[in-house]
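What follows is a short report on a single structure.
Which chain is which? They are A, B, C and D, in the order written, and residues in each are numbered from 1.
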Amino acid sequence: MKTVIESENARRVADLTRDYEALGEQLDRRGIDIAAIKDRAKGFGVAVPSWGTGTGGTRFARFPGDGEPRNIFDKLDDCGVIHAMTAATPKVSLHIPWDKADPAEMKAKAEEHGLGFDAMNSNTFQDQPDQAHSYKFGSLSHTDAATRQQAVDHNIECIEIGQTLGSNALTVWIGDGANFPGQTHMGQQFDRYMQSMQAIYAALPEDWQIFSEHKIYEPAFYSTVVQDWGTSLMIAQELGERAKCLVDLGHHAPNVNIEMIVSRLIRAGKLGGFHFNDSKYGDDDLDSGTIEPYRLFLVWNELVDAESPDLNLAHMIDQSHNVTDPIESLMISAIEIQRAYVQASLVQRDVLAGYQAENDALMASATLRRAFRTDVEPILQMARLEVGAAIDPVMTYRASGYRANVGQIRPKVSGAGGGIV
Amino acid sequence: MKTVIESENARRVADLTRDYEALGEQLDRRGIDIAAIKDRAKGFGVAVPSWGTGTGGTRFARFPGDGEPRNIFDKLDDCGVIHAMTAATPKVSLHIPWDKADPAEMKAKAEEHGLGFDAMNSNTFQDQPDQAHSYKFGSLSHTDAATRQQAVDHNIECIEIGQTLGSNALTVWIGDGANFPGQTHMGQQFDRYMQSMQAIYAALPEDWQIFSEHKIYEPAFYSTVVQDWGTSLMIAQELGERAKCLVDLGHHAPNVNIEMIVSRLIRAGKLGGFHFNDSKYGDDDLDSGTIEPYRLFLVWNELVDAESPDLNLAHMIDQSHNVTDPIESLMISAIEIQRAYVQASLVQRDVLAGYQAENDALMASATLRRAFRTDVEPILQMARLEVGAAIDPVMTYRASGYRANVGQIRPKVSGAGGGIV
Amino acid sequence: MKTVIESENARRVADLTRDYEALGEQLDRRGIDIAAIKDRAKGFGVAVPSWGTGTGGTRFARFPGDGEPRNIFDKLDDCGVIHAMTAATPKVSLHIPWDKADPAEMKAKAEEHGLGFDAMNSNTFQDQPDQAHSYKFGSLSHTDAATRQQAVDHNIECIEIGQTLGSNALTVWIGDGANFPGQTHMGQQFDRYMQSMQAIYAALPEDWQIFSEHKIYEPAFYSTVVQDWGTSLMIAQELGERAKCLVDLGHHAPNVNIEMIVSRLIRAGKLGGFHFNDSKYGDDDLDSGTIEPYRLFLVWNELVDAESPDLNLAHMIDQSHNVTDPIESLMISAIEIQRAYVQASLVQRDVLAGYQAENDALMASATLRRAFRTDVEPILQMARLEVGAAIDPVMTYRASGYRANVGQIRPKVSGAGGGIV
Amino acid sequence: MKTVIESENARRVADLTRDYEALGEQLDRRGIDIAAIKDRAKGFGVAVPSWGTGTGGTRFARFPGDGEPRNIFDKLDDCGVIHAMTAATPKVSLHIPWDKADPAEMKAKAEEHGLGFDAMNSNTFQDQPDQAHSYKFGSLSHTDAATRQQAVDHNIECIEIGQTLGSNALTVWIGDGANFPGQTHMGQQFDRYMQSMQAIYAALPEDWQIFSEHKIYEPAFYSTVVQDWGTSLMIAQELGERAKCLVDLGHHAPNVNIEMIVSRLIRAGKLGGFHFNDSKYGDDDLDSGTIEPYRLFLVWNELVDAESPDLNLAHMIDQSHNVTDPIESLMISAIEIQRAYVQASLVQRDVLAGYQAENDALMASATLRRAFRTDVEPILQMARLEVGAAIDPVMTYRASGYRANVGQIRPKVSGAGGGIV
């Protein structure tokens, strides 16, 4: 891989140097030091979800791709490629039970690729073979105490696995809710959820955080227990200091101003991090930055503005790659998130503050747009080049023949039908 | 008016009696005592907003109606008619400065009609003539301290006026926000808002409540300071025990499950009351129960379920009557709200709880629908008849000739253009 | 089954008679003959989709139920129960290839239950084993001519199968679209779609209709070829007289006024029929009438208003039953659709026309609500009783023990995972 | 003005030249000739709406600005400034009756500023003083024939005025609809609308076009006669060849894919042009390109792709400037629209077509984003510089002191209240 990167980079370095210099000169006129921005780009990282390396699907169908990973070790290999190419994804986020395996072997494999482990993700929205109690009617908020206990135990197991791997956070997303008005008592259901979460929180190690992730709908289509950030905030407040709210960009009602939610959660001291993706309709789980790139920038604008040693956020990509090579989508997505972060770093905050103080709405707005429309591609490329990653990750990856190679080893998984049959 | 009501009722009482008895027999089979439900109907009340008696408009135009009220005394006369006909609107909610007048005269006029005063409403979303500072760029959250102070002072004045009239609550709704990304610093803007609210809270009498009312957008079209119930909850939590959240049915993002917000706010001990209306698109301010009556029922289902001596809610109609006689719309709306309340009172809660415990989603859902589809019209009519109100308020009102009469006295106000010119 | 129905009906007939008489007297005062309305209820029918008898799922999971049908013959048995209980579902709609079997045997089984066959449904949104070309990137609009031809051939095969069964319509719904801006050339993609549809249309028997069904999104999440009724109208116009538009209640953008689309398509002579369901967020495929019953009524209000010998519509239920017994959901849904039809039949259209002519918005609106809030349950029950169906279908079905019985014969299908892994 | 422009440009020309050259070199590597792109920028024009030069408002309030135009001559002066600064707004679109004045004087004033007249806009959504029939319940679709005739006559008058000024198109947007289910018969209302439009069409000069403009809601809040592009298409089809559909970017349901509507209307031969603005919630009428710039780019991507001598589109800005200086907002908006057009001109269409043919969704999408993220500011600036307009229009305008100067002459108009009182 290293050889391919070097040979591909060699073809592009001259043009890059020219573009980087021209941009540096332009930024200098704005009083911005391009090298400092490039250092910020180098310091950026977003976690890759292990399951994102497989081809996703909808309830209608899943169309498999070539060389899909068969297990967590294959997934870690794929994550290794992504990080080698982009230098922007230093951590992997696991999903239990999908990723259950020998911890020592997993750590060894991760270290081989220079990867660490991010937040653990539990799964109580599906039934596993030989599971005692079904989650058909809920998990942490189920009316049946034994089912709730089973879900609590599973989350505690996720923590335990995570401890062996060096993770220090648990993300809890559940599909519990209802498909019909009246199906559940919404207040009592939430009470049951809180009791379960308190049991999990009691088992949380001192240096861990727990994230509650809200979602307006799906898989429940009338009501969802953790339906929005207001409920998520109530949860984090009730649980305690180590409980935070995780924001998934696709889990909101139409038209909602997400960057404002970011601002509010920061104020409440309860922002825990993000699940990045993009969407046009619902929880479309499309590649980050491909539908509404300015929205992604505005989210980062809040995050950069609020940067402080106290604000340690867990960022992960959470997408479903249905029609692309997942490795390519994850590389491109990591870069688009990084791009928004870098663009947000170009906002001239003192200038902006001046316009805001004078209610000069036009120039305040123009100040953001000026940062957004700056083509920071040379900064991202140079940051990658300098740490040995690829100037052009997709073309370099394609040149490497990685997918064809693993396609030889990993048999094609015939497309499991969606839930619609 | 009394004579008209009596003569109109006389024509309808025989049919009503028959329908009431048939319904009573049917409810009896369900184990429901119709007389007890009728008593609940009699005990129901929702406040009328003084300004709702005038014809509303949009930013495009306002088309005036005949005999529109010229001042608060005319408005109180109209409110008196509404209450005489429906017996469901015992209180009036005032809007300052629109309703400024001599308190003693206002009280006398209200008592004449058997009316009391509900929550006071401040107005810092419009500029008044000779106002020192403009609210063009905000009020309680303005960047300028003097503008904020002016807005705080106005709210305190509203409290003082309310005290002279027997009100005991202040509803604060502001239009502050931004039309452009970057126009305001969302975090600092909220901080300024909180400081202003704390100043108002400090002036709140011990037996008063303050309601914060959220709205997703309009008049600000990019961001709004109090945009959703999550922010409203943060506000009520920070202010203190006498601060509550007010829910307007039309102030949410598309698709949002409002009854779930009701459930959450009840759990948080922060539900203050409602602004009732109906809507299809945005804050359409249409007549309650005319677009999605089942949604209104589901909200009441939560409220009836949570009834307790501790849950004292302030309910008001908040609509814009653009194409109807406002008196008629307010009568019909009060009755539709009352209808949903009565239907929700028919839900067999022990039966429902049984289905919920068994996860019998189909029958749980059917249990709610059974209550909803019960035609409770005879209960509402009988409740009115027995307290001297009209069996058929609209037809009785039309028979009274009230509108034509006031049309003689009150000159037609030519339609002020909307904001679009 | 007949015995259970009779014994269960016997327990309910006395109460029903009383309620029916009371309602008849009440309707008589409105000038409505209850017997005529009951006859309309008896004449009502909506098709059941064969696949609706299985438990549905989401992309996250599918939780199987007991005794799920193993094949089309089991499905027809289930459909037979639904029709025996409700007398409202005389036809079954098939989905090819899911329901491929010997036509003669299928006809025999259907006739055994007194069932006929409604519109055929093709499937080019999933890959079948041993299929030459994948639909991952589209079917009728694919860039590859061979893939398009395969999809065309499949649709023609559906017609041929339908001809052997007595069906006379083909519904074409495709998932073709794109997940990314730029993925497809939207204009050329539509051109290819039209060419494929023209090839299918050329093979359509003279007495058949073809329905194009639009959907705003899912499974494609950026653009969909037949995304709304405007495109569907263009298709039907270009194809010819026997091409019509099919409206699925859950396939629209948020807030869209569906009854207005109905009105427009009727005017254009292009309304073909409905796929009934209910939804709160997206294509939730919830049970008809359980979320927004008034919207369902308003759709029927348009259909009843436009009744004419020329308007022959194909109505089908199209839902996903994830948490209920599908047979129960289909029975309840058929009844809720029938209820809305009967309520719409109570609208006093001459009275309404009078209010509309005078722009009496309040009373026009009240006229619709009066019909909607009439509890027509006794009419529906009496209509069923008189044709030998069940007064209370769900309780009668439960009393029959049908599900437990088939649960003995049909093995539990372990829950196929959703597309999200 | 010319002097200010020259002196301001002189301060910026050196930096511009450097940036322009660097960009030119970069584009050259992509095989794109920057000079050709610059020429396209020079050829770009979008019309300014005369009324956009005044401060807008909402139904809650209107906060006036300094030096607002008092009449059409003041408005033309303001439009002259906008065009002098940007060279991107060669035409003005008039609104009758707001802009009624002596045609010869208007033409003279326009020529003074080098301006022409774009499409005429009629107004039947407001009542004018001394108007015989009110539009409270509709205009072209009113139940009353005399009211419809009045509205028809007004539209014909707009055509006549337009003929004297050199316009050759009429845009018809009406607010007709209903606030309540049942208020109107939707089918008959549309029939009446069509009759009125046919009468207008009959009066349309041979070289004129008529545009129907759809809008999902507001000012009508339940149903709107021309609610979406499907209805607009039906209208244009029925009227005839010179009837086209006009797309306003803010008039759609949430989540709707507008660029796909563009593609469909082009295919149907019925796209007439655009009303540009931006929005987050409803018809927010915010400045173009300030909320979702990528959406604006995607619309232009369709338009550039479909460029042909047959596709002559009428483009206008249609915004409400509530918190900014309208001249500044119009300048910035014209430039943002121009920017999207220029970015769309950078799309490498042969490369894109290749990726589309191979279903390489990732690279197809990346090809669009590459064009979008190119910072074309130097091209826009150079295009302006070379025709004598301002490199930095806002700063140059501010330096000119124009607003302060007209503020001396034009008295402040106290803020007319919104429709909410």
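In the analysis below, a residue touches a chain if its C-beta (ideal position, glycine included) is under 8 Å from a C-beta of that chain, and two chains touch if they have at least 3 such contacts.
The shown structure was predicted, so the numbers you read here are calculated from the model rather than taken from an experiment.
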| item | value |
| --- | --- |
| Recurring contact interface, reference A-C, options A-B, B-D or B-C [over half identical by residue number] | B-D |
| Chain separated most widely from subunit B, comparing mean CA positions | A |
| Length of the line joining the C-alpha centres of subunit B and subunit D, rounded to whole Å | 38 |
| Touching two or more other chains - residues of subunit B | 136-137, 179-181, 183, 216-217, 222, 254-255, 257, 280-281, 287, 290-291, 294, 323-324, 359, 361-362, 365 |
| In the complex with subunit D, residue positions of subunit C that touch it | 136-137, 143, 178-187, 190-191, 216-217, 222-223, 227-231, 233-234, 252-257, 259-261, 263-264, 266-268, 294, 298, 301-302, 305-306, 352-353, 355-357, 359, 361-362, 364-365, 367-368 |
| Subunit B partner contacts - residues on subunit D that touch it in the complex | 51, 54, 56-63, 98, 125-127, 129, 134-137, 175, 179-181, 183, 216-219, 221-222, 254, 279-282, 284-287, 290-291, 320, 322-324, 414-421 |
| Parts of subunit D lying in touch with subunit A, wherever the complex brings them together | 15, 18-19, 22, 25-26, 29, 254-255, 257, 280-281, 287, 289-295, 323-325, 328-329, 332, 359, 361-363, 365-366, 369, 372-375, 377, 394 |
